[in-house]
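Shown below is the structure under consideration.
Order as written gives the chain letters A, B, C and D; numbering starts at 1 within each chain.
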Amino acid sequence: MRRIDRSQLEQLCHLAQRDGRTLIGPTVRDGAIALAPITTAADLPVGWTDVQAPGRYRLSRTQGQRAFDFVVGPNSAKEQFFKPREPLYRAERRADGRVGFVAIVPEPEKRALLGVRACDLAAIAVQDAVFVEGAMRDPRYASRRADTLVIAVHCTRAGSLCFCASMGTGPKVNSGADLALAEREHDLLIEALTPAGEALLAQLSSEEASGEDLRWLDESVESARASMGRHVDTRAVHERLFAQLEHPRWKEVADRCLSCGNCTSVCPTCFCSTTEDRSDLDGSTAERDRLWESCFSREHSELHGHAVRGSTEQRYRQWLTHKLGAWVSQFGASGCVGCGRCIAWCPAGIDLTEELAALSTSDARALMPVAAPCAEEGRDEAMVPSPARVLSVTRESSDVVTLALAIDEPRPFAPGQFYQLSIPGIGEAPISVSGRDGAGVEHTIRAVGSLTRALCELSPGSELGVRGPYGRGWPMRELAGAPVVVVAGGIGLAPLREALRQMLADPQQYPDVRLFYGARTPEDLLYAREMLGWTDRRGFQLSITVDRSSPTWRGNVGVVTRLLKRSTVPDAARAILCGPEVMMRFTIQALARLGVTHDRIWLTMERHMKCATGHCGRCQFGPYFVCKDGPVFRYDEVASLFGRDGI
Amino acid sequence: MSERTFSVDLMTRVEGEGRFSLTVRDGKVIDASLAIFEAPRFFEAFLQGRSTHDVCDIVARICGICPIAYQMSAARALESALGLRTTPEIEQVRRLIYCGEWIESHALHVFMLHAPDFLGYESAIEMARDHKPLVERGLRLKKWGNRLIEVIGGRPSHPVSPRVGGFSRAPSKAALLAIRDDLARGVEESIETARWAATLPMPDLSCDYVFAAITGTSDYPLEFGTHIAVSGRGEWPVEQWGDVMVERHVRHSNALQATLADGTPYLCGPQARLHHHRDKLNPVARQLADELSLPATVDNPYRSIVVRAVELTHAFAEALAIVDRYERPEQAYVEGAMRAGVGYGATEAPRGLLWHRYELSADGTVAKATIVPPTSQNQARIEADLVALGPSLIAMEHKAATVRAEQLIRSYDPCISCATHFLELEINREDVP
Amino acid sequence: MPIPPTVLAELSFAKRLSPDACAALAEIAEMETFPAGAVLFREGDLPGGVYLVLDGRVTLTMRAGGGESAVLSLGTDELVGWSSLLHRTRVATATVSRAAQLVRIPASALLELCERDPRVGYAIMAQAFEDVSDRLVDTRMQLLDLYGRRG
Amino acid sequence: MGVFKLASCDGCQLTLLGCEDELLALAERVEIAHFPEASSRLDPHGTFDLVLVEGSVSAPFQRDELLSIRARAKKLVTIGACATSGGVQALRNGRDVKGFIASVYATPEYISTLDDSTPVSAHVPVDYELRGCPIDKRQLIEVLTALLVGRRPNIRDESVCMECKRQGNMCVLVTRDEPCLGPVTHAGCGALCPSFDRGCYGCFGPKEQAKTSALAARFQRDGMVPVELVRRFRGITAGAEAFKKEGERHE
């Protein structure tokens, strides 16, 4: 620990900008202390402090000359690395049907962050876990984050909305920074935490801190810890929150909540994003941007044209249970770092700590399963498609086609995984793999929206964008050796087809396979010819039913669960299902009556998978990201949340 | 006896909806009317009871083409009622944003609405097939005007920053410098525009105009004036304008028509401004007027396209000069206590004199509002000009004659949406407690 | 053809019954075989027999919009023609869609049996109720567009 | 394509002419068959693939015209606050407009007006409603582009706050109690007002799930009196349901 004179701050700012670094530090702007590019110590908010209350933030003059005599302003390091809006790629669709994609990669830019508090260091670590340390790495975030010099400041006083002590993230800086400062009226204590920090410190004129200095620091930090304006009880908060999904408080807070998204915008860890395509007038070129999104907006939970979380009540519950609950199982740390920004910048002044306390009156705890880790190893995911060519188009029914796609250098895929298919200027959607046809990867698509319609209209030779495969597929290994019941509804047969093919090709491993398949009408039955071909395989049983038909149909009429009801299944059978949520719900009940327990059922979850990399937050489902932890789940992993409204 | 009627049921390339009809019998015009059937929108009625701070946002909605004129006239009138004095720095910004509106509106009118008449096209888009560079220039000039408004006010239509006392936020020097080059090019290209406009074939028509424009400052009138000058009649303080002109409701129109008290129609707009203030044009624009031998008094309404083009140069040159000497005002607006009072304000909208009068209650809410837009002042004059035009149409083929008459009306850049903002509800209110 | 009580006892319809009751039921029931295409009853017919499917398939169709629609097919262990238990005319047409062996019980005799012994009556009605309720749930699922939109 | 106008200020159709960089390209892709403000070539009775309607219905003839337009349009898109919520002229709604006129004019039937100014959707089905007073140029291009290539327009129904925060603006409500409708207002303007140091006045109308009562509660805590609350919600988009109701609540 060293001590520097206040005048050395100028030198510190100067040194931090060497090697072309942009220095980002606190500065007064429009009535608040903002983080912005600064060049000299004179840009720092010397003599300013902040006064915060729920829904209220004011600057106030101090008599002193401290530059860091405030707690946190509305913005954080988040926007330095995870940009509020940034272009991902430019896409082009040429007249001859060919497509091209050009990634837009940010210019490498070196930064130095000055004045970062312990809570925000924790937030940076949380975002690193999302964007860099998972199975998929966001190269844009990673490149901006990679070469950043961090000069942190110990908090020696706490704000009225601070609760980092409760969250275990502050007020003292322990790691995550190169240098840590503690500011007094006339001087600062400074400590290097990394070699880079040491190198920088060596160029300042400093002297060894005295024992009294060290005592002052300890006492100040302790007094800050003791004077936190807010407090939360984090014990088993995850289990406690998920035990209160029906608590009347959600409704009550929804009456006050504007669902405006300010809390998520100012939160230093919230990472949800969406994309926006801008195409030119003839749709021949398009640019895709990624931008900050909020779980408080309707679009964020949109699934096939309706919002899964249609009400503010559900959205607030989603936010809080994720931030303080599910986050822990996803990333190993809470999504809340105790900075208090969501309280100050909520126009309605909703206080997270108060809501949490009100929801924690009961000791009830939910049993929360932990997601199986994604099998993928770490890799860069720039979310840029590459061109693929349509090899063949097979019409399956009036509104369903199967495209066989030639994908350059394809990574191997497993049954149940999905690709993101896109047409420049129209959009992108997750489509599960329905099989392999020679060199082609097959996707079976029903025309329901503008993109799927456009996909269904593609002809052999034309191109589209693909990225993938993504996600966790069917548990082929767990299914081996046991009787397998396959239940499919409508187009839900598509993600199961490749699994069926693999099982039928290997009767040794899969001696007993029974397919129960329901469709709306006989005309909607997929792969009819292929299925009939399967029926002579030993150990395969096929039951088909339709919802309605003409009287000439000699087969079953009725829902697929009725087929199951009529059947018996062998002991120890395993089941894999795919269909709409409602169908799967009833199928699971029927299976249970037949003795198939929840731990022997796998299903695919319906959520809108947008980025497919676990970064955009769109397909959040309790403790899971459907795109990376699913879409196939073992039912007992999701049973407590499955079929529940607004999850 | 010969009788011919020239009429158009839906006027095109004007703002808003109107029709005209011109009947000539035995070489004499027996009926000329510009009928405005645009639905009335009652602005003056619902301004009543609003706070002074709502007025600029509401009156902007009278017109999508010249919202700034409405905001500025209103702000002036309200400031005079409240006894507020803005600073010269704020006034500079006002002049600047007003220049933007002139540029955007004049460029729209010259290139998109009026030029197709001279060159024989139905629209600028059609004209672009044969005259692409010309139309592109028009779009470019218009865009630069819009950009200027955006930098100061956020968006071209209904900008958000103008307010009573000034602006909610003044533009930074850097933001203005970023468009400085466009403005400089605008000066050049608008000069070319005026030269081109001067070469257009002008139908013959000479009218005996009474010109009305604001006056009272050393500048070519734009965002401010203390008096209103009427050619051959004299000058009146802005406060007295309501006594000098009278508005009446004519049966064929949803808009009121204004004339001088003795019933004389008058003209406001570019020709009127040039008539009273040619010598005050920005030197660049004045030199251009000299080069084109443009007299102070232009009595051929078709030739207004040239006057507009010269004003376009004036606006670009003014804007450029303001940007070059601009320093961001310390204070973007001035504030004062609310009080009861009456205030008047007049500015020069692109298409002419725009006069506002407000009565405020003690809490600063509007007790009564009167807005006299340029088009309703010009409407009587337009009808008179149709009468003057009538005889010369007799010899023409019907369609061409109709087009010629429509072209004449278009020369005034009538803004019908503005003209029908009212139906004088304050008259009615006297009957209803 | 009379039905052996042992065959009857295999059906869930009879599972709730005591051996005595089961024998009583067998007495009034008959076993019949139908080829594919045979019509058991038509929509609008007067009440008649109640059928239990031993084997094969019976499809119910209803008239709508000038045509005939298949709405439900029934197989082994399922009940056909419950409306007769309520003295109602037939609500659908029942056609054998795959050669079937059925148990036919005259509704009047069955109801008489139920009247005679309320315990038997309760068991039979409970079974019929469960069956009808399952069909109601199925119908609701169809209303929810079971196979909905999945891209 | 046809562009039709009802009661309005022309600002939204002017926005189409304000697409200076795209206008000529658009004209090459789309036949603009009826656009009186821009062209003398008219086709008032033709059929259209796409019709843009500006303005509200505030006179009987406009109602008739609208029904006729709808019958001839494959897709009808309303542009702007007037067509989408009745516009600023909806401020007259609830006042005895006809009574006023009848008491003054000898031939009141000549002054053709309705008591209320209503949105297009109150009279005919609308395929897409583009918000704003005026509409935003980029959003207009986006809607046209999306319709041309057959996809759903990328128009977000989130709050103005989301745009405001992405731009890094400081919140005027939190830092200085400036009444701002941003939290309940539909995004699309680019958070203009807060960017210009003033509170949003709601010209894009209410966002989905607009919790106006919660915002009104905040304004009241900051000392706003009922008459001011009424004025705040009764602005440019006074006819929009959520704002209308909130205004009435404080009357």
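Remarks
Just so we're on the same page, a residue touches a chain if its C-beta (ideal position, glycine included) is under 8 Å from a C-beta of that chain, and two chains touch if they have at least 3 such contacts.
Everything quoted here is computed from the prediction, not taken from an experiment.
Note on interfaces A-C and B-D: more C-beta pairs are in contact across B-D.
If each chain is reduced to the centroid of its CA atoms, chain A and chain B end up 54 Å from each other. Averaging C-alpha coordinates per chain places the centre of chain A 51 Å away from that of chain C.
Separating the CA-averaged centres of chain C and chain D is a span of 60 Å. If each chain is reduced to the centroid of its CA atoms, chain B and chain D end up 25 Å from each other.
The residues of chain A that reach two or more other chains are 449, listed in rising order.
Contacts with at least two other chains are made by no residue of chain C.
Taken as a graph of touching chains, this assembly is arranged as a line, each chain contacting the next along an open chain of partners. By the contact rule set out at the top, the touching chain pairs are A-C, A-D, B-D.
The touching residues of chain C, when paired with chain A in their complex, are 36, 57, 59-61, 67-73, 75-78, 95, 97-98, 134, 137-138, 141-142, 144-151. Within the complex formed with chain C, the chain A residues making contact are 304, 429, 431, 445-446, 448-449, 452, 489-492, 518-520, 524, 545, 547-551, 553-562, 565-566, 579-580, 582-583, 586, 606. Across the complex, chain A is touched by residues 22, 25-26, 29, 141-142, 144-146, 148-152, 154, 156-159, 161-162, 165-171, 173-177, 180, 182-184, 197, 208-209, 211, 213-215, 217-218 of chain D. Only residues 10-17, 37-43, 45-46, 50-51, 54, 57-58, 61-65, 67, 108, 112-113, 116, 122-126, 128, 132, 135-136, 139-140, 142-143, 146, 153-158, 160-161, 163, 167-169, 249, 251, 254, 332, 406, 417, 423, 425, 427-429, 431-432 of chain B touch chain D when the two sit together in their complex.
Touching chain D in their complex are the following residues of chain A: 29-32, 34, 55-59, 74-75, 79, 84-85, 254-262, 265-266, 276-283, 291-294, 297-299, 311-312, 344-345, 347-349, 425-427, 449-451, 453-454.
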